[in-house]
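There are two complexes below, and they share chain A, which is joined by chain B in the first and by chain C in the second.
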Partner chain A sequence: MLLKYSAFLTATLLCLASSLSFAGAQVVSDSANKDSKGFTIAKEVQDRDSGWGDSHAKMEMILSNKQGQSSRRTMELKTLEVAGDGDKSLTVFHTPRDVQGTAFLSYSHALEADEQWLYLPALKRVKRISSANKSGPFLGSEFSFEDLSSFEVEKYTYEFIREDTLAGNRVFVVQYTPKYSHSGYTHLEVWIDQKEYLFRKIEFYDRKASHLKTLEFNEYKAFGKYWRAMEYKVSNHQTGKSTILNWQDYAFKTGLNDADFNKNALKRAR
Partner chain B sequence: MKNVLLASYIIVFFSQFAVADNSFIHNVDVRGNTGSGVRGFTEYQKLQGSVFGEIEVHWQSESTNNSFTTTLFGRMDSLDSERTHADIREFMWLYYTDSWEIKAGIGKVFWGVTESAHRVDIINQTDSVETPDGEAKLGQPMINWSGIYHWGTVDAFVLPYFRERTLASIDSPLNIGLFISDAIYESDKKQEHTDYALRYSQTVGVWDLGLSYFKGTDRAPVLAPVVNSEGIQLVPYYLQIEQAGLEVQATLGSWLWKLEAIHQENNRRNYAALTAGFEYTLISIADSAKDLGLLVELHRDSRNGQADDPLQHDLFVGARLTFNDISDTAFLVGVIQDLTDSDSRLAFIEASRRMGDDWTVSLDGRMYLSETPENIIYGLRKADHITLEATYHF
Partner chain C sequence: MTQSLVVRYAKGVLRFRWLIITASIMGVILAGAGGKNLAFTDDYRAFFAKENPQLEAFEAMQNTYDKSDNILFVLTPKDGKVFTPQTLSSVQWLTEQAWQTPYSTRVDSITNYQHTEAIEDDLNVADLISEPNALNMAQLQKIKKIATEEPLLVQRLINTDGSITAVNITIQLPGKTLTEVPEAAIFARDLAKQLKAQDPNLEVRLTGLLMMNASFAEAAQKDMATLIPLMFLVVIVVVGVLLRSFSATLSTFLLIIFSIVAAMGIFGWQGLKLTPPTASAPIIILTMAVADAVHLLVTFLWNMRNGETKHNALIESLRVNMMPIFLTSATTILGFLSMNFSEVPPLADLGNIVAVGVLLAFVFSISFLPALVAVLPIRIKAQTNFSQKNTALNKLGQLVIHKRKPLLWVMLAVSIFFTAFVPKNEINDEFVKYFDESVPFRVDSDYAAKHLISAYTIEYSFNAQDDGGIAEPAYLQAVSNFVAHLKTYPEVSHVNTFSDTMKRLNKSMHGDDPSQYMLPDSRELAAQYLLLYEMSLPYGLDLNNQIDVNKSATRITMTTKNLSSNQVLMLEQSIEKWLNSHVPDYKVMAASPTLMFAHIGVRNSHSLLGGTTIALIFISFILMAALRSIKIGLISLIPNLIPAGIAFGIWGMVNGQVGMSVSVVAGMTLGIVVDDTVHFLSKYLRARREKGLDAQQATLYAFNQVGQALVVTTLVLVAGFMILVLSSFKLNSDMGLVTAITIAAALIIDFLLLPPLLMALDKKPLKAVGKPPAQAISTPNSAVEPA
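On to the complex of A and B.
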């Protein structure tokens, strides 16, 4: 009797447990279904763009306002891919001339705060700076720091919206919602190329969920199996300002290592 | 002079690379700035005009990890003969590997984390005639070895020659009204005294740490009025010191917590001093692109009223407004309030922006307020001034 009873109880408990877990799984997979397609696409974007090791490039930034006045900045960037974490990068500014030689070292992390240092050549001073200002403008441009930091899968939650066509390319439209609470955006709508899994366009929605700006990725070039847009164009719909980034002299696997991304390297950067 | 000898060694060393490197000219990079400034002393009704320039020539070997940098600076001033001066800011050879670096020549090194005082920073002498905030430094002859380990970075310095602090001449209201005589030294070797320094620095998560030790000639002179045949003169006296320094910064979101502390031993009066505070940044204030940084730093010196340093018991409160616009417009306003003599304080405003692509303009205003004759600020109470500078960068 005791045995029987206990067997019954066990069976009941098992049944209950499995039905619970089944129900649980259904809830998860229901939202994950939408989510999981978005997540899978985002993961594929990251997977296809991993293994590049390190890169070196020059960048020109052209800032324009509504009146058509423009200003130009140039810089050089070195990036080191870090497996299982955000990238390390070192940026040196060449123009405007008054900030020439100013350099920026960043260790980005998927979920923890990024570590960032600024080198001020006139004072020979290395300053650890706050990385909390992700939503602030980068060098007075329409890009914020968070737009230019590395896109780690862990930084967002995803929702697949639809398939679409953009300038003759088949795309997935996926909504990215930042997990970071101080992000300047409620969400991003990302147009991802169905063939190569690369970003074609991003629409940014501000904290009031209104359409703030659009970033277009143009002139893609393949470097081995890695694709890079040679032009980024961002237009702010609220201010009428725009910024164009032109990338030049891209090189991958140039032999950079951790030693090229420490404070001594930051002080040597020119 | 030792540094001339050192410099000639460096030239010989450098010239080997110059010959070996075919593309020598391609690896040379020249940059610099030139400009003009005018300073008005409001109470003296005096104007001080000046022109200045700095040129930096940098050579980087294409095939080896060698580089050489020369930076020359000069200023001509209408009022202060001591401010008409030139300096070799840098004349430095550098060789680096992934795990160590060596530098030899003349150069500049900065240590520290706080904004309103740089207590730990001791390698270079202050070029105090250049800027009243003490941020400008004279080139220091040195050999610096730097070892980079996973447990931190170690820097060792040999400093074979001493530079005297530049001090405003009697013609400038920034001089307290006394002729400056030749410096005297505790060490018989005077400027030829060889100083040594060692520093350990490391980053652990949110913490940036620095520990340092210095043995040699103090960069800050003791300024004593002496009556001699020429009347009353101010005599800069340079002590021999041993100084330990600590720098800590914790970077926690929008908060930067900072501490600099030193302990100095000399044959006159040992002391400890510290500066501690925070910088908090309010991002995108009022839905604009502007950031507002709030700065608070407390200064303390164990010598109290006997300290040569005006920051013996003071509180600095400041606000930095950064526009994040195309012109990089920025304002900094601040007050350093003496907490012992409540009528003594220094108030300042700094503003800067870019004009076009290659010009910057800056405005710097300072007010010295004191009614306590014993306070160091008192000597400068009539030296309030405002400086406007335009600089062309190339």
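On to the complex of A and C.
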């Protein structure tokens, strides 16, 4: 899942680079009676970010509360693009020291619960994590699991709202409505760059449709044709807490395959 | 201010009467326009100054973890069973719906409680109850056992025998508009109604801090809507009967309205919020303003009944009353300003509004009132035997003179007797008890406290020694020991702690082996269990409300039974002592609304003691200067101080609970009770100095001159403050009652103790101080002379 941040930002199109036709068909039927412009934009976002294969990156997470205290965690992520389904990801925690070597494996799925395992070095065991938690917070941060998983087009219905300008960039504003019944959100408002089709900003609306938090994508960098934001910043408007993710050392097509994303790999991960 | 100056001033007022009337109306409209800014606050934090240390600690706590404002639904199935498919379905429905509550961030109930269970080798974290209708008897029994044995739930969301349950909604108010609290409260009440309609087996009650906040605003609004009109009615009737003149009554009415509207408007211009205490300001201003008008109009009408022309009667009334009214207004203002020493901003605000109101009432009394009376038709027949009306008081005066010696001793004994009960009072601010039993919040909170959980909590932020340190076995053990200590207090009903969660996790990680219900033995293990658990929790049910971002501190929430402020303070101290001796290496901070209210009473009374003393000194100097006698000024201390002593003594005998508002009474009433003394003594001294009467004759003179006005103003004042007693808000009703007792006691003391005292101490024939004989006996048609 974690890996999916990439998806997040640039809306990873894990879908079907290969099985495009299949995805396309499904999508069209989903959106037929919805808003085709919103869908077309979301689809374009995913299409442009597909085909990267696998990626590797380091990430620093900074949590802050209203009192001004903050806390830092670091981890390393590997992601495998999966055709026709959500990505697979493997996250290894480096700090804090107490959880060093803990590794998290996730197979994300568009409309079903994700499959997740955690390797606990202190116990030397892999534990499966219960499944109803897509809406729950990731590592006590303001990000939930569903925020960090890939933005498969099948996950939402779309409605185009307007064109706008954000920090000098022309953007589309599209409303995403989750289809997953246990989602923590009624809808998202997504600001999408008109030129590169990447996410600039997302506003999240909670189950009672009030503005819960805002996620900003900053410092975009191009890796070949793929864009990644080096900073994610999410602010919770209800609690005053915030979380920043800083990404570095991105690498693509590093030769990872399915064998690097199973329970055995989880135990080996350091 | 010499007498001739006053006469010249009075003539000026009559000459420019239309100008004065117009200017007054314009001024009132201008000031009153500020009323558009007035709004009711709905936050109990309004009772605390920004720099209040307990409030600061609480704000820090809330900013570190999450806010703990809440709405608590207490559900009582009439068949006494929570664990039936029907009741559990209702709980689940309510839990789902509760997420829609405006500004809610979290909902906790027995159905969405995140139960941990070992399934094969995996940790399963899921809602305790997901499909209540599919449960059979055995499953219901199993769930009941889990719920009623889980320390996080029992006596919080479920009672021990499984007959009452609760759903808690955590609310985070943005604090941007004043509609937030009512929005959430209205939603919750509607939800309760829907629930009762669809499940008639349920009794539904609503408590929690948000409901309390809503009740604050509602109590203030209700007071303003019902008590103020009632007070107007009482005053108009009393004044009408006393003055027996429509125009005079109308003038009084307008004077009062003007004073209130302008004073409240000026408060509104400052952009401050109304609270239940400040909402009682109009009633107090009303009460105070009546006195000025009554003194002026009684003399005026008395003169007219004695055959004076209207103009002369007005001038004479101003001449005679200017000084006493000025003095009494000044001392009253000082008394109310002493409330600025209060630690409670709404009480300081109340003091300031009333001080402004009293000042305005004085200004309007000596300008607008005579000007208006001058233009209104007054039909009064001159009466020859008018002065006989005073016979009752004349008789009382004679009696006092006759029995002065026994009276002196009896009254002193009575005063000492009552005052001796002052120490029986106890400072106490129990915020639930601020509301009387006509308020649903009070009734429901009492029920919840009796059967499940009270609104009184103390939160402890227990700091570890480093980041991530909450996973350290020594830390967890210290927390666990602390919690075990808390549970030894019989007054502690529930403790919510992360250490219990850790023990439960350890058990589940060991195949749910009950013997493994203990803390993990290594830091890494604990940290990784925690990580696993945190990664398993769904939306809104995370641990952020218990653990800080650094994982360096946890919040322990202790709920107590209903306790008085003193009990809370003693409990806090006892716990602090334990912390210092048993876990000296850990920093532990305590904070909560309960602690804030427990401390405010003591802080408030200490600071008010200072304020009241300063006011007393100022007022005494004013009296000495005004009466031009140090000796009489010193004697006046006795009737000025004894009424509060008697009132607090009586209060100690019958009630003894001194909340933040009752503690302002001594200072506040000082300025009022002084008024009686001023009126009485000024007439007494006038008789001694200007007429050369001895103490006994001068006493009789004073009885005849001001007795009736004192009785009437006291009646109005007592009536006014007794109307406050009708408030459903105890801060107002207690303050009203103690104030009313004080004022009534003041009159009795002024009539029965002050004269014997004067006759005993003021024996020397008085050579009028610097006596300018021409000065005051002066005007031949002086109204001062009883006919």
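As a working rule, the second predicted complex is superposed on the first by the 236 of 270 C-alpha atoms of A that agree within 3 Å, B and C clash if a C-alpha of one lies under 4 Å from a C-alpha of the other, contacts with A are read in each partner's own complex, and residues count from 1 in each chain.
Convention: contacts are C-beta pairs under 8 Å (C-beta built on N, C-alpha and C of every residue); 3 or more make two chains touch, one makes a residue touch a chain.
Since this is a predicted model, take the numbers as computed values, not measurements.
With the two structures aligned on chain A, chain B clashes with chain C.
Of the two partner chains, chain C is the only one touched by A:66; chain B is not.
In the superposition on chain A, A:113 makes contact with chain B only, while chain C stays out of contact range. In the superposition on chain A, A:98 makes contact with both chain B and chain C. Of the two partner chains placed by the overlay, only chain B lies in contact with A:262; chain C stays clear of it. Legend: residue contacts after superposition of the two complexes on their common chain; A:186 is shown touching neither chain B nor chain C.
Once the two complexes are laid over each other on the shared chain, residue contacts for A:240 go to chain C alone; chain B is not touched.
By the touch criterion stated above, A:46 is placed in contact with neither chain B nor chain C.
By the touch criterion defined above, A:210 lies against chain C but remains apart from chain B after alignment on the C-alpha atoms of chain A. In the superposition on chain A, A:128 makes contact with both chain B and chain C. Stretch 548-556 is the one of chain C that runs into chain B, the other listed stretches 26-34, 170-178 or 548-556 having no clashing C-alpha atoms.
Residues 63, 65, 71, 96-99, 123, 125, 127-130, 132-133, 135-137, 140, 182, 184 of chain A touch chain B in one complex and chain C in the other. Chain A contributes residues 63-71, 93, 96-99, 102, 104, 116, 118, 120-123, 125, 127-130, 132-133, 135-140, 144, 182, 184, 207-208, 210, 237-241 to its touches with chain C in the complex. Within the complex formed with chain A, the chain C residues making contact are 60, 62-64, 66-67, 99-105, 121-127, 172, 174, 467-468, 471, 509, 522-529, 531-532, 534-544, 547-551. For chain B in complex with chain A, the residues that touch the partner chain are 29, 31, 33, 58, 60, 67, 94, 96, 98-99, 101, 107-110, 112-113, 135, 146, 148, 153, 201, 203, 206, 208, 249, 251, 253-256, 281, 283-284, 289, 291, 324-328, 354, 357-358, 360, 391, 393-394.
By the touch criterion given at the top, residues 63, 65, 71-72, 95-101, 113, 115, 123-133, 135-137, 140, 182, 184, 257, 259, 262-264, 268, 270 of chain A touch chain B in their complex.
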